[in-house]
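The first chain written gets the first letter, and so on, giving A, B, C and D; residue counts start at 1 in each chain.
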Amino acid sequence: MIQKVVPNAEAAVEGIADDMTMMFGGFGLCGIPENAIAAVRAKGVKGLTCISNNAGVDGFGLGLLLETRQVKKMISSYVGENDEFERQMLSGELEVELIPQGTLAERCRAAGAGIPAFFTPAGFGTEVAEGKEVRHFNGKPHILEHAFDADFAFVKAWKGDEAGNLIFKGTARNFNPMMAMAGKITVAEVEELVPAGQLDPNAIHVPGIFVHRIFEGAHFEKRIEQRTVRPRA
Amino acid sequence: MALDKNGIAQRIAQELQDRWYVNLGIGIPTLVANYIPEGIDIEFQSENGILGMGPFPWEGEENADLINAGKQTITALPGASFFDSATSFGMIRAQKVQLTVLGAMEVSETGDIANWKIPGKMVKGMGGAMDLVASAENIIVAMQHTNRAGESKLLPACSLPLTGVGCVKKVVTDLAVLAIDPLRGFVLLERAPGVSVEDIVAKTAGRLVVEGDIPEMKL
Amino acid sequence: MIQKVVPNAEAAVEGIADDMTMMFGGFGLCGIPENAIAAVRAKGVKGLTCISNNAGVDGFGLGLLLETRQVKKMISSYVGENDEFERQMLSGELEVELIPQGTLAERCRAAGAGIPAFFTPAGFGTEVAEGKEVRHFNGKPHILEHAFDADFAFVKAWKGDEAGNLIFKGTARNFNPMMAMAGKITVAEVEELVPAGQLDPNAIHVPGIFVHRIFEGAHFEKRIEQRTVRPRA
Amino acid sequence: MALDKNGIAQRIAQELQDRWYVNLGIGIPTLVANYIPEGIDIEFQSENGILGMGPFPWEGEENADLINAGKQTITALPGASFFDSATSFGMIRAQKVQLTVLGAMEVSETGDIANWKIPGKMVKGMGGAMDLVASAENIIVAMQHTNRAGESKLLPACSLPLTGVGCVKKVVTDLAVLAIDPLRGFVLLERAPGVSVEDIVAKTAGRLVVEGDIPEMKL
């Protein structure tokens, strides 16, 4: 077995540098790599291109890297509720590339599957398709999209083992598996790190081969964005 | 009388067919889940990675790891499954989801839809809408017939940046149910209770086909 | 929940017809849909195009459909050890299209993911690339491959539930998940069929939306092709 | 003296580096697993869907659901994982597997490989070989230096249909270890114990570079 365990988030982000492209798993604040974000912030690297479905909120998630102006460019599908983000974007400090969510997911998956490019119907006839090759399949127009290229991928899983195998929980899975596959260096933080052999090999969502470094997160806040409930009678 | 949001949702729910997988957008579409007809089995897909989505959790039982695409806390029903975003949009593109209901700012008489961007305003992004409208076989738009300025949202052509081209099949507004026939335009199918054909004609900027008697919706 | 249970293999193959294209999961004899193969054989449909990584052996697996001359064309990566297959192929009765295994898997996955075509490096410069579009990405040549189109997909899983959710075991997973995603009508046979709610929703390999019919197989022979062992001391 | 199959495997095992994921083809390559050097952690991938492949099972413990790409019954080590074929070839194409060892019928001086088809003979198929050779960064071919007729298998150009183009980095035969330099041809690195340079020259049809003293392999 090949050992992937590093002691903590600080050790896990070793090698990050200015102007790198980084992927961050998560959907909204669900399943985000909280500990890695804090460690990237602590390292102070600048000029980052961040690929993440969303951009966090003020004071949490990727909002923490926006606050410190470490991000040069965001590649996302929805950049939601974030005043600092809006301010930086409108002032031209922050570059933003918006991509359909399914295309974002598939471009990550393509990177991790060695598929350099693929055709998708999403975005045909919209500004997303501008400058892209269009081709019809079964009479329907599709556009050519390319795999991402990321120096680091930071993902968050529920359980992981020493071999880097990952298991996710609920909808906290989202973009994490494909980003784990896509990173040149993939860093996984988990709620529970177990010895090799304790996870059911049938139940692994991301085989350890895709994960270069794994650690148990010191703390997970797991903030809820929209607390919707049914009142008890 | 024009329908309220719940009325629109209730009317859309009549479109549901047994054994359909359905994706509901944020806003009015979400309310459709409250009006599933008796005896109809539906499974809700949320594109962030769940099939078999249930209602909101009981107070105190909300779980940060269990949300829908609107980032609201939800529950999972028996038979539910979780999956990653690539698989989720895989099933959407492969047309395994039979119906998508979503809101819109504008719909054109050829079925174009604009619902993600207003030039000059802060753009939040298209999320999964472009993937959904490009792939779904069956798209129903739920929206108000006119905008706040009283201008029609059913247009000859969209003025806003498009989300998708020629994809909308049906529109349910506070005033009417309309099918889209790409050759003829908006085909008026039903009126909201008490709303006149004249009123709908006046508030529809795109080509409108009115054939025979237009029945009132039954809610 | 949408019910997918059918009573047996015979009911599960309802609607199959001559000249259809059918996918069959499995690698060698591991994870093959034994019960569906028997039912397809019993129905006697002819002129089939079968997409399957392998072609079974004499008297088992897809060998059973070759025996009865129901197969017009095999699309496979490796057609191994099968005398009847060899005879039919050499006599020209059987058409064979050989495809690199990874391309076979990805073309199934593409069909199930609504991706009509993608670029892959596999086969460049070989006869597999003949007549196909070549394009360079990062300086490396790739060829364009297309999604499959299958009328039926027959897969075999370990456990399944009434909603059509599937869980596989060991290396019997292989092509089954992507074929399940790819079929216009997907038929799953399982060793154990349980009520909805009994499978962990985190552990599902194929969400039920991809499965149209599910049944518990009456019998699984699960033949071993190469019994390799370490003798006990 | 020329190496036997185990000798070839043993020599290839010296190429293994700590923390490598390795895919071994059928035949001689499979034997490499028996000679992993001390202190080196290796995980074996089999393209039918397992990482962390272990040795054959003990007699009576074989499991029909647990085989390798050669369809042999195997075991899974602690830390193993199972996955589908699309994911398996995904990791292969994305170069997550550091070394692929496979057999060949012919190798050319520019690194082309032919190992799947002999015109006029029954063709069984390429299996995963084309995917592996098109993607692996590091491919070692394990084979006999000559065929049964005594003809060199190291050629100026392959005569058989290709499996891949310009992909082989190293060849280990019963007679020698050779690197492939696409500009210069086969570069002789080591001789099998007791085998002379002259013998290797005589049995290599492709361009052969012999520079300085060629050491004997150490096994």
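Of note:
Following the convention adopted for this analysis, a residue touches a chain if its C-beta (ideal position, glycine included) is under 8 Å from a C-beta of that chain, and two chains touch if they have at least 3 such contacts.
Note that the structure is predicted; figures quoted are calculated from it, not measured.
Among the remaining chains, those touching subunit C as well as subunit D are A. With centres computed as the average of Cα coordinates, no chain lies farther from subunit A than D.
Work out the mean CA point of subunit A and of subunit D, and you get 36 Å between them.
Centroids built from CA atoms put subunit D at 56 Å from subunit B.
One simple way to say how far apart two chains are is to compare their mean CA positions; for subunit A and subunit C this gives 32 Å. Residues of subunit C in contact with at least two other chains: 106, 113-115, 120-121, 168-170, 173, 201-202.
In subunit B, the positions touching at least two other chains are 50, 76, 82-83, 86, 89-90, 92-93, 135. Per the contact rule defined earlier, chains pair up in contact as A-B, A-C, A-D, B-C, C-D. Contact residues on subunit D toward subunit C in their complex (touch as defined above): 46-50, 55-74, 76, 82-86, 88-90, 92-93, 112, 122-131, 134-135, 161-166. Interface of subunit A with subunit C (complex): residues 106, 110, 113-121, 135, 137-138, 140, 142, 146, 167-170, 173, 201-203.
Residues 1-3, 111-115, 161-163, 165, 181, 195-197, 201-202, 204, 207-210 of subunit C are the ones that touch subunit B when the two sit in their complex. Interface of subunit B with subunit C (complex): residues 19, 21, 41-43, 45, 50-52, 76-83, 86-87, 89-97, 135. The touching residues of subunit A, when paired with subunit B in their complex, are 27-31, 53, 76-80, 86, 89-90, 96, 98, 100-106, 108-109, 120-128, 158, 168-178, 205, 222-232.
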